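The letters A, B, C and D name the chains in turn, as written, and every chain counts its residues from 1.
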Amino acid sequence: MQKRQVYLDHGATSPLREEAFEAMLPYLQDKYGNPSSMHSSGRDARHAVERAREQTALALGAEPDEIFFTSGGTEANNIAIKGTAKRTARARKKKGHLVTSSVEHHAVLNVCKELADEGFQVTFLPVDRYGLVSVESVKRALTPETFLISIMTANNEVGTIEPVAEIGALARERGILFHTDAVQAVGQLPIDLRDLKVDLLSLSAHKFNGPKGVGALYVRRGTPVEPLYGGGGQERGLRPGTENVAGIIGLARALELAVEELPEKTRWLQALRDRLIEGLLGMGDVVLNGHPSSRLPGNVNVSFNYIEGEALLLGLDLEGIAASSGSACTSGSPEPSHVLLAMGLDHQIARGSLRLTLGRGNSDADVDYLFTVLSPLVKRLRKMSALYPGQG
Amino acid sequence: MYNDKVIDHFTNPRNVGEMPDADIVGESGSFKCGDTMKIYLKIEDDKIADIKFQTFGCGAAIASSSMLTEMVKGKTLAEAQQVTNDDVAAELGGLPPLKMHCSNLAADALQDALKRYREKKKSVHP
Amino acid sequence: MQKRQVYLDHGATSPLREEAFEAMLPYLQDKYGNPSSMHSSGRDARHAVERAREQTALALGAEPDEIFFTSGGTEANNIAIKGTAKRTARARKKKGHLVTSSVEHHAVLNVCKELADEGFQVTFLPVDRYGLVSVESVKRALTPETFLISIMTANNEVGTIEPVAEIGALARERGILFHTDAVQAVGQLPIDLRDLKVDLLSLSAHKFNGPKGVGALYVRRGTPVEPLYGGGGQERGLRPGTENVAGIIGLARALELAVEELPEKTRWLQALRDRLIEGLLGMGDVVLNGHPSSRLPGNVNVSFNYIEGEALLLGLDLEGIAASSGSACTSGSPEPSHVLLAMGLDHQIARGSLRLTLGRGNSDADVDYLFTVLSPLVKRLRKMSALYPGQG
Amino acid sequence: MYNDKVIDHFTNPRNVGEMPDADIVGESGSFKCGDTMKIYLKIEDDKIADIKFQTFGCGAAIASSSMLTEMVKGKTLAEAQQVTNDDVAAELGGLPPLKMHCSNLAADALQDALKRYREKKKSVHP
């Protein structure tokens, strides 16, 4: 008998949706031209890439010339932060100051740490117990040398939605660049760059049912940013290299659909999420991590007291359920999730975290199945635990 | 990631639980990462007559705990003293490289129990 | 009537081969896990990526842990050159010297220029009229500060094969790192890294019938190189970001097959190439660019006197033939190809260049068709040319 | 890339060739990039009675040359003098931005011919 498979890890990556796959197909088969070639097969490819740029721009409320395709969210973040740091350092002839938070993804955090090593001033803002960055703390951190604020739109682990509209307004007022890592937010939250005062925004296709290995960086017109790579001038020099044509087309199609379906999807996703949270909290000795309301519609993150997260994941996996955890043992690092620690959770609670990220294709039946599997598993692991007081 | 034997020991761990009448209890754990194991021994004629464990830790830690108890149950104390973390991992048919350290707590807890037992005996029969 | 389509631009990009496409398919459909996830769908993806790494290593005579997947040849070159420069500068606490050639691809040339701007010493070696770098000139350029030599395996425009075995031996003897941009060579020339004294080698899948947007960097064990991006630690930290799983699998499958078929393919490709060259030279007032014998089996590059290359391309394109040119007008830059100029061609001859790159799927019939179209086109354009002396 | 009209003028250029009995010959070109155009005019009653061109250049340059000759054939010299590079590109229905400069040589060659013609007439009828 085929075991039931339930995928509750859309925050890690999501299945490529059929429509995006079909849009990509011709570009994996007979439409193989290089967009830089001037012959007709090259022009077809160029045309397709530029159409994808228009679709992407439209979906975000941007202009096509503000969209730069990259190989993913990591690259978009690196270009946004290092590219503005490089440019600003050159223009001002000194290394300035940037502000970020302590709950960013490693693709922001490690970039900022490297810049700090190179002599830039970096402020890593603390967060509250819900993972929220306060606008006040951003304001207090600013100095005359601050050239960039980089705060994520929504957190990948605990789903907390940061006050980027307010931070953007502050940045604009002070003439400081504002980058937001929206990798988890795009396709899950409404984003309109006509309103949002953001200068740079990163996204990654595989988080919204597009293909892996392709992303984009939005760069508001006039934003000073330098390329990190030298090469043949593709993406108007900001990201040279032969374009991942099929990937770009898949990204644009997936994004277009995600944005179109967003209101409807948000409704059912949130309802499913809330049902899931309620059920989990009902299991006892469980705490919700992240913000109770300012939270991604698909994100659930809880900690099970007395249990280690990897053991939970393993138990779920053996029953066909895919989830993730902020446990140190899932990352091979000695420390559990920097996000949970930054929120002030103690080690044991941080290690007992379970992240369930819902997405396209999930249903009530999946949640039911999860409960069926999880209840006995939690009981079993608690009984086994050296920390569990409720025994004997 | 884990082999079938590890999965088996994780899913059906042997000798789980407390032992209120244990002759000696050992502990191990890293306060840093928070893995913790308790091991309970019943000792008769210098042999491990019964053994139980409780572990807070990942799959590898739990499986190693279970494996260890199976390995030393019925062994003499002298024999049990020879058992190392590597022996446990080997008996499990290997662990992923990144998980090797997770198996350390099992033999550590046993050795802690044995050491306490020796000390306890010393203080009883001076 | 469907016009005949003849693709003679395999040097720009090549069609994704069926076998590679089929190997990718499952990873574009239901095998969508993130290789960093610990659940079973993540482990499947991890396993597939690591198998692809083994295949890639095997095809090149390398070890799996020496292969790092990238988003293409451009990124591989950037990491190789900037990554060693960064590391060496840090270790030696000064900016050293590197040696490259004046006929490298822009993904090497522009990187080296940027390093020069940053204060590194860079020697851009001249080439002879065939585009060859001499080993003697490399030797003469070396200084006690030289940490890297970067010379391409084969030139993308004129197909000239550089003496990388000798340069590698020299570099090894002197304890200097050697990088080679083998983007055009992999799958066209036999490469065995057990013999070749190369420390870093770049390749790009779409040049050997793999997908676009994925490549690899070979890094010999122990070679000091630093990542350029911060992020989640993928590719053992050298290239973080969620892996392009399908792309990586397509790369490995295409490479495996290309290497397997190489002896056979080289034979027919070379024969076709030589027939093509002969026919072109027979048209009169045509010169062969690049080396007559030390040349990629699929590369033909000729200049038609009195004709501008873009006009040729356009004429060919209108008849369904895809080719490329070193003409300035194809690149939108004021200067024709830096490669042809470095070889000492005058502007007019450089602008009249036509590159025809043969590959998988081409046949004698394609070459026949090319001649049928090209002869009258060349006559017509010459007759129209303000430079053509043979009129009136 | 190019529209149909440009392609038509490239494929079937009007008024191509030399004109041995031209009243005046104009030239344009950039020595840097090497584009070159020659324009031959036959002038009767201050009108362009006949016109021919030769061009070394890309598709846009050739099409612009052809277009220009068609635009000014039969025009008075005064009218011809008004024709600019932008007019030629517009008459072609537009050119890709990167190719705009390639169209410059056409009107330049015409203006060169007209200037020479005025100078020649001046020297003939002082």
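Note that in this section a contact is a pair of C-beta atoms (placed from the backbone, for glycine too) under 8 Å apart; a residue touches a chain by one contact, two chains touch by 3 or more.
Quick caveat: nothing in here was measured; it's all calculated off a predicted structure.
Computed centre separation for the pair subunit B/subunit D is 93 angstrom, with centres defined by C-alpha atoms. Each chain gets one centre point, the mean of its Cα atoms, and the points for subunit A and subunit B are 41 Å apart.
Rounded to a whole number, the gap between the C-alpha centres of subunit A and subunit C is 34 angstrom. Shared contact sites, meaning residues of subunit C that touch two or more other chains, fall at 38, 310, 314.
Chain contact topology: the protein chains form an open path, each linked only to its neighbours in the line. By the definition of touch given earlier, these chain pairs are in contact: A-B, A-C, C-D.
Within the complex formed with subunit A, the residues of subunit B that make contact are 2, 7, 10-11, 13, 16-18, 20, 27, 29, 32-38, 54-62, 98-99, 102. Within the complex formed with subunit D, the subunit C residues making contact are 306-311, 314-315, 318, 327-329, 332, 334-336, 347-348, 351, 383-388, 391-392. For subunit A in complex with subunit C, the touching residues are 5, 7, 9, 12-16, 21, 24, 28-30, 32-34, 36-42, 71-75, 77-78, 105-107, 109-114, 204, 206, 211-214, 228-233, 240-247, 310, 313-314, 316-317, 320-324, 330.
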